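The two complexes that follow have chain A in common; it is paired with chain B in the first and with chain C in the second.
For the complex of A and B:
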């Protein structure tokens, strides 16, 4: 059964939390660069975790348009729906 | 955000490098006296960071061929081959390369970067998919981006992960192009090409592109690269490479048995809209290719030098790439530590490449040596001696 947006959000936040700088909480509006200080290496490390967790491949083309956790989860939900 | 605001992080990084005294990103060679020696800041140095694998930049035959071409054909072509015409020598070099690789056709490009940009951006389009090794060179990333196809990375040198990515594509795998390199430029490690070719075989219609920039003249019985060494040349759809490393000049090529290669030439914007290689470049490259093919002892010397330096640095306890190779990367945890080591090597008259994040694959800092067949045993010893001062 397809997961809801809220379920995916919870799972993505759980994957992100260990990668966040100490003391930062991760939420729907968290910005990968401004709030989590992610560089391209960290982004790719996170994407690989998500790919393994959900058995999908995330095209690199999506990444420039993703700024927040919400953007990421919306795209993730779409990719999972396309399988 | 104003137009120039996006350069602020870069400005901050440059300022930090300058404040910490890091000048290595702006090295100027006052004079180059041989394939392995130059003067930097008025002091003689051994060049161990040049990709000059066969040491052909000062080969008398290559120099004479280039000089003769300048005298008879002039200094430049002043235009693209499509708009302004080819020189006979361009076509001769393409025939030479096709014969060398045993392939049906070759396109010559003005640089290795343009070869990747042109081939990858033209081969695929919207609806197609690229599956590329995560550690691929920037020219590959730029080429696939320009194509408009979807881009997927697989874990570096991991055929199982490649298989997983192709499987996830489902029916679209028949429109997939896998891109890998023969030897990777940061760690000097080789692609497991036989295994990668075996994965590709499981997906009918998928194509395999191998960038042999660092492996031409370095690997294979005839120096044709990693595909030759791994025995999978027939499985590789497009071989891409450069003249700026083993062949000691500048330029790029793509060799293929696909008859469509000649159509790709006329759809290839980076090829069509770039001035063609100058006569001197074409002439010295043809001479260098003859040397590469006829003097396997250069390859043997290159490997002897590489194994000797790798072994010495390994015994000194440095963290190196996974296997001996003409690219020997020494890893440091901190940027400052790598820079201090680079400065010390320069003081001891040895020039290597300082590679800092984000250019490194894993965020670490590297001193990257490239070994040459042109290095004498004494020079290899002196490079090792300089590194020994770091270990002391």
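For the complex of A and C:
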């Protein structure tokens, strides 16, 4: 069964929550760099979690155009659909 | 699919070739080669040197067919993949100059990456630019409006017809490649390395540094566009005819354990990394069973590329001792792209050799006076440096004071080196070249060092350079980002590194800000931090200060060391928050 955008969003937010700076909540509009203060290492740590959780490979060239959690979930949904 | 073997019958030649193409011709007579693993640790591509040679010659014939001038620059986005090797060596056979371009992009960093590629294409005046499919759209965007003969993928390039004329490979005095220093992304410097130069360094690395054995096998996750990745782990295995296993840097960053599992699986003997790579393993393996690894084959665990701190390496050794990791395998080395790669290697099988000196005398007199091991009460009070070994044969080193006086042993000063693998200069940058390379061949390394019994001990960077997670960050890049904001004037920002209580380096940017409104100030520093993350992928500590706070020299130039001293004073007096290492700790705990 394919997951809906909302389901994926919930799962991604759950993966992100422990990575967020203290006191910051994660939502659809959260910006990885500006709000979550992700540097390249944290990005790798997060992508690893996503790859393991959804059993997919996230292509490196998607990253430069991803800013918000929504951008990420939209791409994730597409990747899962292509499987 | 089967990886190329470790065992083979080709008699070992230790890099004693006149050119890279000659070296590959010889390696192609054996059965060894390069193997590429994916992010799950599965073998994805096998490229024996014999096949690599044939395929490189094929591409070379097509390059020749373009009718380019000899020595034209061929820019290659250096993703860890077989095509990079094919095109790099094709240039060798065709008498062209390959220019590896970075294949590293950050979250939200689209614009910054394209701008960086464009600066490099312009700086090296590339005629041809090749990128794997994944990177093509960025490369195309970067090359827009530039007069390149070709921009495309390796597959597209192979549609060019082959020239029938005989190939004339690059000769000993021609350029072997152009290597952009891992330094400033804004002000690129392309190191020119001739065949003679790189072959001299390869022979020395293989014979005197690694002391290659016929049954060696290398493993690497280092980027192909960095000197250690390219010269140390691409060219050096080939020039010593040994097999090598590759993992993409990104896949290592995601799953550092793959480094160790591939070494275990393939019984690799030689692998290098910056201290940060070993540290990442320790952070991310926490809580994971290490029993799955067998690292007993790993005879040389090279450490270089940044000032080496011993503690994280010792933690790595301790954690992996049960898997057969031998701490004596640690081999510290020192080098830089301007010297092809290596200047010094620690002696093998000794592990890290530490030099503990009196911190007071060091700070006051720049004199590294050893603290005797018997002085137990000194424990924890001495300052410890890692010995990087003796200079490779043919290299001379001098430690000089600011006025040029050559200093005696154990006195700290700027390290100058002269030797057979020093670059010819920076491409198209005569002034920059003259700044660091004297007519007599002495290269100013910009590193601070002292010599102890003939061995090099690096104590830090002379000035300016900031090293975060093994990457060189140039302060002017950070300052330029700040100054590009409408609120900040040129010359009102100063960047430097700060060592936290945990011993980690962080980038600090002090900015003079005229706006007194706290909300707008907060927004400004937030914006600059974000831009820095997008462009450089690092976290930066930002301090906004009132006008006329930053110290200037008499000529009006900003003094970074002065700015740093003032900053340290403010931190000490509690006027500014002390930058910590929370980020790294958080990362460790998440991954653990």
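What we mean here is this: the second predicted complex is superposed on the first by the 83 of 83 C-alpha atoms of A that agree within 3 Å, B and C clash if a C-alpha of one lies under 4 Å from a C-alpha of the other, contacts with A are read in each partner's own complex, and residues count from 1 in each chain.
Please note the rule applied: contacts are C-beta pairs under 8 Å (C-beta built on N, C-alpha and C of every residue); 3 or more make two chains touch, one makes a residue touch a chain.
Note that the coordinates shown come from a computational prediction; the quantities given were computed from them, not determined experimentally.
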First, second, both or neither for A:18, with chain B first and chain C second: second
Which superposed partner A:65 touches (first chain B, second chain C, both, neither): second
In the superposition, chain B vs chain C on chain A residues touched: C
Contacts of A:55 with chain B and chain C, given as first, second, both or neither: first
Which of chain B and chain C A:37 touches, first, second, both or neither: second
Doubly contacted residues of chain A, that is, touched by chain B and again by chain C: 39-41, 44, 48, 57, 59-61
Partner chain A, residues of chain C touching it in the complex: 38-39, 105-110, 113, 134-135, 137-138, 250, 253-255, 280, 284, 469, 526-527, 529-530, 533-534, 537-539, 583, 586-587, 590-591
Complex interface listing, chain A residues touching chain C: 18-19, 31-34, 37-45, 47-48, 51, 57, 59-61, 63-67
Chain A - residues contacting chain B, complex: 39-41, 44, 48, 55-61
Chain A contact footprint on chain B (complex, rising order): 129, 134, 145, 150-153, 155, 165, 168-169, 357-358, 362-363
